[in-house]
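Several structures are given next for inspection.
Shared between the two complexes below is chain A, which has chain B as its partner in the first and chain C in the second.
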Partner chain A sequence: MINIEIDGKQIQTENGSTVIEAAHQAGIEIPHFCYHKKLSIAANCRMCLVQVEKAPKPLPACATPVTEGMKVFTHSEQAVKAQKGVMEFLLINHPLDCPICDQGGECMLQDISVGYGGGHSRYHEEKRVVLAKDLGPLVSAEEMSRCINCTRCVRFGQEIAGQMELGQAFRSEHAEIMSFVSGSVNSELSGNMIDLCPVGALTSKPFRYKARSWELSRRRSVSAHDSLGSNLAVQTKNNRVLRVLPIENEDINECWLSDKDRFAYEGLNTADRLTKPMIKQDGKWQEVEWQVALEYAANGLRHIANGAGAEQVGALATANSTLEELYLLQKLMRGIGSDNVDFRLRQSDFSSDGKQQGAPWLGMSVSDIGRADRLLIVGSFLRKDHPLLAARIRRAAKSGAQVNIVHSADDDLLMNVAHKAIVAPDALVETLTQVSKALAAEKQGQSTGGDAGAIARSLAGGERVAVLLGNFAQQHPQAAQLQALAQQISALSNGKFGFLVEAANSVGGHLVQATPGAKGLNAAAMLATPRKAYVLLNVEAELDCADPQQAMAAMQAADMVIAMSAYKHHATEYADVLLPVAPFSETSGTFVSAEGRVQSFKGAVKPLGEVRPAWKVLRVLGNLLKVDGFDQDTSEAVRDEAMKGVDVPARLNNAIGGVEARAASAASGLQRVADVPIYATDAVVRRSAPLQATADAAIPQAWMHGDELKKLGVQSGAVVKVSQGQGSVQLFAAADDKLPKGVVRVAAGHAATASLGAMFGTISVERA
Partner chain B sequence: MLSQQITTLIDKELKKYPADQRQSAVMAALRFVQDEKGWIAPADMTDIADYLGMQQMAVYEVATFYHMYNLKPMGRHTLTVCTNLSCQLCGSGDTLAHIHKRLGIGLGEVTPDGKYGLREGECMGACVDAPLLTINNKKMCGRLTSEKIDQILAELDKQ
Partner chain C sequence: MKNIIDFFKSFLLLELLKGMSVTGKYFFARHITVEYPEEKTPQSFRFRGLHAQRRYPNGEERCIGCKLCEAVCPALAIKIEVAERADGSRRTTQYDIDLVKCIFCGFCEESCPVDAIVETRVYEYHGENRGDLYYTKAMLLANGDKHEAQIAKDRAADAKYR
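Right, the complex of A and B next:
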């Protein structure tokens, strides 16, 4: 620690910090544009010039390291003169079109020019014009003349997103921010550039001209789209969500937000929103009153439970339903005597049930991941499944952590990967077994060759090892074995292991036991042995389940399907009752994030039309079915009841016993590798038009190794017929030589592939 | 694709820098491409980026920053006439006018046969010889007069 003085105030600060950091710590504001605490120092805007004793000229506070006894003056005559001079220069070419600028009211340039700018300009010459750029559907760069060339967006791309999609081309007065050959910005984190831009050069395209910032009210919320639990500021006007921004939380999302969290709100008020309860009579859908629909649903359930038996009723929910909803759903099911309730819709191996000691979770805190020095990531489409965790790991890799990958696809993670083993899905267990053996041998001082040996050596050399199982590993048909192997590997390397949990409330679902007990059926079994009645909570059967063919067959065969949904989706084909329930923005609720953080939120807007929060609908259903304990008045009461006596840290436990790793028998033919594309994960993002217009939402293709294409005798770009079970679809073939041989990568969760079968297993491809 | 000659030259250049600093060779690499093709197309920048393990945009930043890289086809002989102060005082305007009279092209233009291109240059640090021009950034010709320009063009015509 060293002592410095800023504006006469004595400050103790860390050696190596800069003047601007010390000032901010002490609550002294220094005007700045290009400086950002999460980005490297550029010192190119010169706005933060301050006077330093004994320095002949003003110095930029962002790039001046503190020294013992330094005396800084941020408001002395010299400092203010310098700051005003810089401000005048910055405004020379700025169009000053604040009245029609989306940034107006939340603009750093506007704010600082109030403090340091002149009342009128001394510049009478022509201003420079910078042409608009098309950066894709999310980021608007229509008014690049507003740009003050601070390069925050460029540094964000290089340092956080891992790819330099924007750069500053040309020089001096001709310098402009642009993309290479007018390409679009495709990063899954691109929306953060909008927040970073201190002026109105980069603005949100979906939000463009929708409202002025001061007209919006702001509600705290929690992301419903991945398991990180990012903190959101949902901004609304006239009972409509118009924008979503991050709320800074250093332990979770820092000051960032993934595009998925930021732009998903555009899917909230689409034309296919279900706003009135509906029942199907004589094959025709009719809008009815809530009372009628609920009684119809309750009677149907009672009839089947009393007639065919309660075990003929099954309940399926998505893992981004709230804690309250999942709790009441399982309570309702158990109240009518059925143990069939599950939210793990894309999981295919349930053999860990009963052997796993607690709720599967991250196994460490999110910030622990950033501090790990050796990582092994198994079966994860990391960048797309967990965009902000990937950014954290990217930063760790930059500061020297070694990232090792075992997976069935080799997407560019935009970070240094130390070692990787890319194998077909049925070889994952074998590969991890080899890593585990090599690691044990490494402990004895014996070195093993190959990828597994290299990964083992990397892990053995670490002090803070993290072994993480991704969504692909959790959905894998040998998920329990992968878990047992990960446990073994982390024990051998004195590390921690955990799951990069799939959805916003997967951990919460486990905590409130929205999973079947010993006599109940899990999600896969409920669909494999069709039930007579299903209760669906937010589920789109053909998109959210591991095996859409099986799921749709079960739905179509059922006597009664009660679909609680925010949207009129395919359920109109198979359901009997549609109950309009609120998406996360219209209900209060709670999500438990991957690291076990319990976060409650309030509804940002009132429910649309006659929509009701799902917890209320479930409560009334409970009353109608005369189940005890359905008299909660608020969602908080439901939460308190659900979490009563639940010691969250004690319940989170990944330890698993009694699972033996057995290599799968070699599959014949091609195996499917299925990712759930980033903008296909849940009902809301699937309906967000701007997200669906991005490159990441392109129609799935059949990706294969070039040799496989040759074997089939097709060219990349040709149409092929991809079949599984009785279903087939026509897709474009595409070459990806980084894929292992013997696999076809066909995305799941997308309408174009919804008539295919399970996410894992054999798949056939032929020339169309 | 970068030609064998270019990659050989880049490899030689790379020996001057630490192994993990391959991007240090970007300026030289751009120069080699321009020497061979006369200009640097976006596809060439992509190739250079791949070869040096850089981001495409970073190559583009360098290529657009420096004036002497041609970002469009410029003719087999590109004449770069300095128009900075010393040259201007010594008659670079006359130089440009004479070239325009002889070749029919102005600044930034190329003759229809693709033989000559004309660019505006910044101070070349040889004001003692003002006014001056360079041929393909390699050969400098100073103390220009109409006769001397005719002589230069006659010589280039022979090549």
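Right, the complex of A and C next:
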């Protein structure tokens, strides 16, 4: 610890910290633009100049390390004169367009110029003009003349997002921020540049001219789009969500937000929102009153439960439904005597059910991941599935952690990967077995060759090892074996293992037992042996299920499908009742994040039209079906009932035992590798126009190794016919030599590939 | 004694004469009442009457929809909606002033960075129906067009004090 004095205040601060950090600790504000606590020091705006005793000239507080006995004056005559001088220079070229600037009212330059700017300008020459740039559908760089060249956006790209998509070109007065040749900014974290920009140079394109900052009301919320549980500030005006910003939470999202969380709100008020209950009569959809729709649904369910038997009723929900919704759904199903309820729609291997007592979770806290020094990430499209966790791991990798990958695709993670084994999906278990064996051998002092050996050596050398199973591993047909192997590997390396949980409330779904019991059918079985009636909660069968073909067949064969959805989607083809339920912004609820953090939130806006929160709809359905215990008045009451006696930390447990090794079904021909593209994960995201205009939302292609393409005799870019089961689609072929041979990567969760079959298994490709 | 004085005062109509002298004085003094509507008081160039929206000489509306007037309005009389126009500029799609709420404080005029919203010298207006005094953007622009010459003159006169 070092003792320094700032403005006469005695401060103790850590050795190695800078003056600005010490001042902020002590609550002393030093004006600054380019300094940001999460980014490296650039010291190029010079706004934070302060007077330091015995220094001949003012020093930049952000780049001056503290020394023992240092005396700093932040508001002395010399300091203020320097700060005012810098301010005058910054304002020379800054346009006076605050009235139309989207940053107006929340602009650092505006705020600081109130304190340090002059009343008038002494500059009468022409102002600098910087031409507008097109950075893609999310970030607007229409007014680059406003830029004060702090380079926060550049440093963010380099340091946090992992790719330098913006840079500063030219020198002195001609210096300007621009993208490289490719043009747009494609990072999945690009929205953070908008927050970082201290002026209005980089603003949100979807939010452009929508509202001024002071008109918006701020509501706390929790991200519904991935399992991190990012804290959101949902900003609303006139009962519409107009913007989403991060709320700083060092343990979860720090001060960042992924583009998915930030821009998904644009999908909330689309034209295909379902606003009135509808029932299908004589093949025609009719808008009806709630009472009619609910009674119709309840009668239908009662009829089938009494006639064909309650086990003929199945309930499917997405894993981003709230805890309350999942709890009431399973309670309703069990109340009418059916045990068929599940939310693990994309999972294909359920053999761990019964062998695993606890709820699968991250296995550690989010901040533990950042502290790990050796990581093994199995089957994860890390950057796209968990953008902010990837950023955390990227930072860990930067400070020396070794990241090892076992996966079936080799996307650029924009971080140093120590070792990787990229194998076909059916070889994943074998590879992990090799790693485990090599690790055991390593313990005996024997070294093994190959990728597996290298990974094992890396893990053996670590103190804080984390083994993480990604979405791909969870959806894998041998998921239980992968889990058992991950458990083995983490035990051998004295580490922890866990799941990079798929969706916002996957852990919550397990906690409230929205999974089938001993006699119930899981999601896959419910669709494989079609039921007579289905209750769907937020599910779009052809996009959310592991096998869209099977799911659609089951839906079409069913006598009664009750779809609770926020949107009019393909359910109109197979459902009998459509009940409009609220998306996350219009209902109160709870999500349990990957690390088991239970976070409740309130609705940010009133439900649109006649939309009702799903928990209320389920509650009334419970009443109509005369099931006991459906008399909660608030979502809090539902939550308290659901979580009564649930000791969350005790319930989180990844331990698994008794998994028998099962060989993968011998694959003949090509195997499918299916990712769920980042902007295709859930209903809201899929409807967000700006997100759908990004490069990440491009129409899926059939990616293959160059040699596979040669074998087929097609060029990259040619149209190929991709078939699975009875369905086939025409896609563009594309070469990716980093894919293992014998696989085709075709994304799932997208309308263009919805007529294909399961996410894993054989797939055939031929020339179109 | 008091009774005797009172007797003579009333007998000689002293009070009446006193009163008549006041009347007589004002009868010949200079008139200070204004015979409205035939006559009108002089107005300052800062007079705060009916609102108007101004245009630039090329016909382009001045207002850029910054909403500072809406924010500053103490009576919450102004309602603005903004959207991007086809040419990419920021323009209002709705600009309403409820003159029933308005307290004519002039803050809107003062806060306007482009001199778009102004208060004219017009104070003779009325509404016969509910809602007549709810002025929309079109009405305000029409006001501006009608009185632009006077408005411009008044702004010019005020310019040196700003």
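Some observations on this one:
Throughout what follows, the second predicted complex is superposed on the first by the 762 of 768 C-alpha atoms of A that agree within 3 Å, B and C clash if a C-alpha of one lies under 4 Å from a C-alpha of the other, contacts with A are read in each partner's own complex, and residues count from 1 in each chain.
Going forward, a contact is a pair of C-beta atoms (placed from the backbone, for glycine too) under 8 Å apart; a residue touches a chain by one contact, two chains touch by 3 or more.
As the structure is a computational prediction, the values presented were derived from the model and not from experiment.
Judged by the touch definition given at the top, the superposed model places A:G358 against neither chain B nor chain C. Looking at the shared chain after the overlay, A:G725 reaches neither chain B nor chain C. Once the two complexes are overlaid on the shared chain, A:E215 sits against chain C while remaining clear of chain B. When the two complexes are overlaid on their common chain A, residue A:I100 makes contact with chain C while staying clear of chain B. Under the contact criterion defined above, no residue of chain A touches both chain B in one complex and chain C in the other. Of all residues in chain A, only 158, 163-171, 179-181 touch chain B in the complex they form.
Chain B contributes residues 42, 45, 55-58, 60-61, 64-65, 67 to its touches with chain A in the complex. Taken in their complex, chain C has these residues touching chain A: 64-68, 71, 82-84, 88, 90, 113-114. Residue ranges of chain A in contact with chain C, taken from their complex: 98-100, 104, 142, 208-212, 214-215.
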